[in-house]
Amino acid sequence: MFATVNWRHLLLWAVFAAGMLLLPELVKKGTLRTIIMAQYLAIFAMSWDFLSGRTGYISFGHPFLIGIGAYTTAILSYRFGVPVELSIPIAVATTVVGSVLFFLPALRIRGSYFALVTLAFMELMYQLTQVIRPDLTGGTRGISGIETLTRGAVNGFYLSFVLMFVTAFVLWLLSRSRLGTALSAISMNEDAVAGSGLNTTKLKLFAFCVSAAVAGMGGAFWVHYLGSIAPRALFDINFLFTIIVAALIGGASTIIGPMAGAFFLTFLLEYLRPFLPGAERYLIYGGIALLIYMYQPKGLFEIVSRLWRRA
Amino acid sequence: MTQILIQGFLLSGLYALIAVGFTLIFSVGRVLNLAYGAYLVIGGYAYFWLSQTLGMPKIVGVLLAIVLGAVIGISKYRLIVKPLKGDHVAVEISTLILAVVVQAGIVLLFGDASKILHPIVSGVSRVGGATVTYNILTAAVVSWVILIGLYLFVRFTHLGRALEAVSMDVKGAAISGVDPDQMNQLTWAISGALGALAGVFFASYTQLYPGMWVTPLIIAVAVVIVGGIGSILGTLLVAHIIGFMEVISTSLIAAELRGVFTMLLIIVVLIIRPKGLFGRAEL
Amino acid sequence: MSTILSLAGIVKRFGGLVATNDLSFDVAQGESLGLIGPNGAGKTTIFSLIMGEHRQNEGTISLDGNEISSLPTHARIGRGISRTYQVPRPFAEMTVAENIRVGLMPDSLRGMLFGASDPQAELDLAQSVGFSGDDLDRYPSELSMGDLRKLELARTLATGARVILLDEVFAGLTAGEISQMADLINTKRKEGFTFVIVSHDLRSLEPLVDRVIAMARGALIAEGDFTSVMNDETVRSSYLGT
């Protein structure tokens, strides 16, 4: 696993971490809060990308995964007083187990149908959280007053940074391994991967579990940062859209791409807020995303690295 | 009982109308147009603006909405689908983005709040204890007329046969002198027009709001997956299954659960038959 | 010689079309068997059935005496059999080395995660099919048809299979590439590999096979050494399309 990792890579990671950890000294509290949102979005985008960007199985159900993690820990800690040290790991495990149960059959489905099933799951979850046991889920209103883990923007930043950094580093290691190569091969030609003697179902299931674990973890910590949860904000096409667009704008099938995309989108949102306070801003988001995507489906990462090579 | 029967048939007619434009693209263009719901939104709002804001005659509003849908369908094909050369993943993603862009554009133009459409055809009558608005009755009748018309068109006209040929085998059709590109363009235009028309009725049946494209999209998806790609009979049949399931769950179980069964239907069918009930191997 | 691959009573229907009709044949350990027949005879279908990419409607397929019909493709490859495709299907966005790497991977998550790739093995395999060290970093889009077939063969060999099914190995190759490929197959035969070779290029096939079977419309019509099959009346008429 470490054969393709050399000290230069590790140095770059260290420089990245050091640079990010200096941020609280350099920027205002408000900006720091924006960065926190960007970091959670980056986690979700990396999670989506590890499944969909790499294997080519487009998931429209990531909010569903994030929602399982978020709701599990929210319900456990708020309704049953389970300490967060316990409720968050349970939430991650539940996301993985729950999503495997739901999606295992879906992994037999190829192409566009996979996307459709995951979309159906998200809508299903949205409707179910409102009607099944609203005493637990809080129904349409959701739950608020959930325990928060950190006080103040600086601590919140450190926590979300550590989460994002660890996620990025682990996913990067995975993608550098032979397994990462095999996952990318699936998106190019799944039959030929099977024809090379590899069990593609196992590979996809692995990618799926990793993706779900990251989504569940991100969702669980996120809800303990926000302190509240509501179905419409979570199981929402706009949220799904933001995750996917973050991954795509930056560059699918890379690690830096989804992170860069998440920061780009979140800051764009922040700057647009005074002019376009409501849902209209998705017009700008979407317009930019569509242009970039039509011009270069591999995103900014590819555009920049092509310019670099030419220069 | 009569209530359920009548309501079921009327709603199913509307759903068939919603689904038929979507299945057309799926079958001829072979791509998943996630922005299909956007036609409904655009159709609904165009009608609202023309006939309720500008005060044009209703029929003019409907016709212009249909024309707009067709134009948007063609542009979508020209600007997005064709350049992506039938890459499924790319089309799925870009049409999803487009759907969100359209939704945001509507918010910008008309605001976030939902609007009430006056019925396109006003009047109510009571049949065996059931209230039947002429509005939804018209939608159901129009839907039947369109489905039958489409069926006859595909079966008995030269153009229709050419369309069908493209849906079966693009290369073969090209060899026998049918221009797949032209056929695709025609399909996108028809699909857009049907979507816009369905949007006018759907909006007048429920409400007009910027996010009103998701539910119809899921209904259309369910109909296509369960009923088979490009099968007009399958479309009709499954639209009725879904329509009746909704009416039954609304009146007998719980109104909030009406959409749940549609989703479950999609999931269960795909899991039992990964290729869809009448599906082709891959999309 | 012992039988390594055995097909018995194979029937495969695609809807109403019978692609193979009650077909049976054996392949001996270390043998090289030619499989010929006009277009649409069902040769490729036989390969897909052996590899489990399609399932036969009737009949059994065994490898080394064990029935493999219920195994998925990757498990059959694990048992030591692998194929190339009539139309090469490389991983388009991967280099030659990476394409071979996928073939070399063990089918275990742990092995893929923690085992390092083996550049030497990749180079050896590439060279064994006639690539040079410089070719390792090239992408499929830069390769000729001959190179693509070599890459396909290298990935197939990389799986560790000892029974290799080659589909139309010579199609689209230049004369030089054909003789290169033939040399390569002969080398591998000497190393003890078992081959089933489908080819329309009968002249190139002749020196590579111990035995030939001919099929037409899904059925076996002749079996024997190259010359006798070529002289068979049924074979001649089926090739002439009568």
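First chain written, first letter: the chains are A, B and C, and each begins at residue 1.
In the analysis below, contacts are C-beta pairs under 8 Å (C-beta built on N, C-alpha and C of every residue); 3 or more make two chains touch, one makes a residue touch a chain.
Being a predicted model, the structure only gives us computed values, none of them experimental.
Asker: Taking the touch definition from the header, please name the shape of the chain graph: line, ring, star, complete or other.
Answerer: line
Asker: Per-chain Cα mean versus the mean over all protein Cα atoms: which chain has them closest together?
Answerer: Located nearest the centre of all protein C-alpha atoms is chain A.
Asker: Select, from A-C and A-B, the pair of chains that is joined by more C-beta pairs in contact.
Answerer: So, comparing the two chain pairs, more contacts are at A-B.
Asker: In whole angstrom, what separates the CA-based centres of chain B and chain C?
Answerer: Distance between chain centres: 47 Å.
Asker: As a quick test, compute the distance in whole Å between the mean CA positions of chain A and chain C.
Answerer: From the centre of chain A to the centre of chain C is 42 Å.
Asker: If you average the CA atoms of chain A and of chain B, how far apart do the two points sit, in angstrom?
Answerer: 32
Asker: Can you tell me which residues of chain C touch two or more of the remaining chains?
Answerer: Expected reply: no residues.
Asker: Show which residues of chain C lie in contact with chain A when the two form their complex.
Answerer: For chain C paired with chain A, touching residues are 51, 53, 72-75, 77-78, 82-83, 85, 89-94, 98, 101-103, 105, 107, 109, 111-117, 155, 158-161.
Asker: Applying the document's contact rule, which stretches of chain A touch chain B when the two form their complex?
Answerer: 56, 58, 60, 105-106, 108-113, 115-117, 119-121, 123-124, 127-128, 130-131, 237-238, 241, 244-245, 248, 276, 278-283, 285-287, 289-290, 293-294, 297
Asker: Flag every residue of chain B that touches chain A in the complex, lowest number first.
Answerer: Listed in rising order, the residues are 31-32, 80, 83-84, 88-90, 92-94, 96-101, 103-105, 107-108, 112, 210-211, 214, 218, 221-222, 225, 254, 256-257, 259-260, 263-264, 266-267, 270-271, 274-276, 282-283.
Asker: Of all residues in chain A, which touch chain C in the complex?
Answerer: My answer: residues 1-4, 174, 177-179, 181-182, 184-185, 188-189, 191-200, 202-203, 206.
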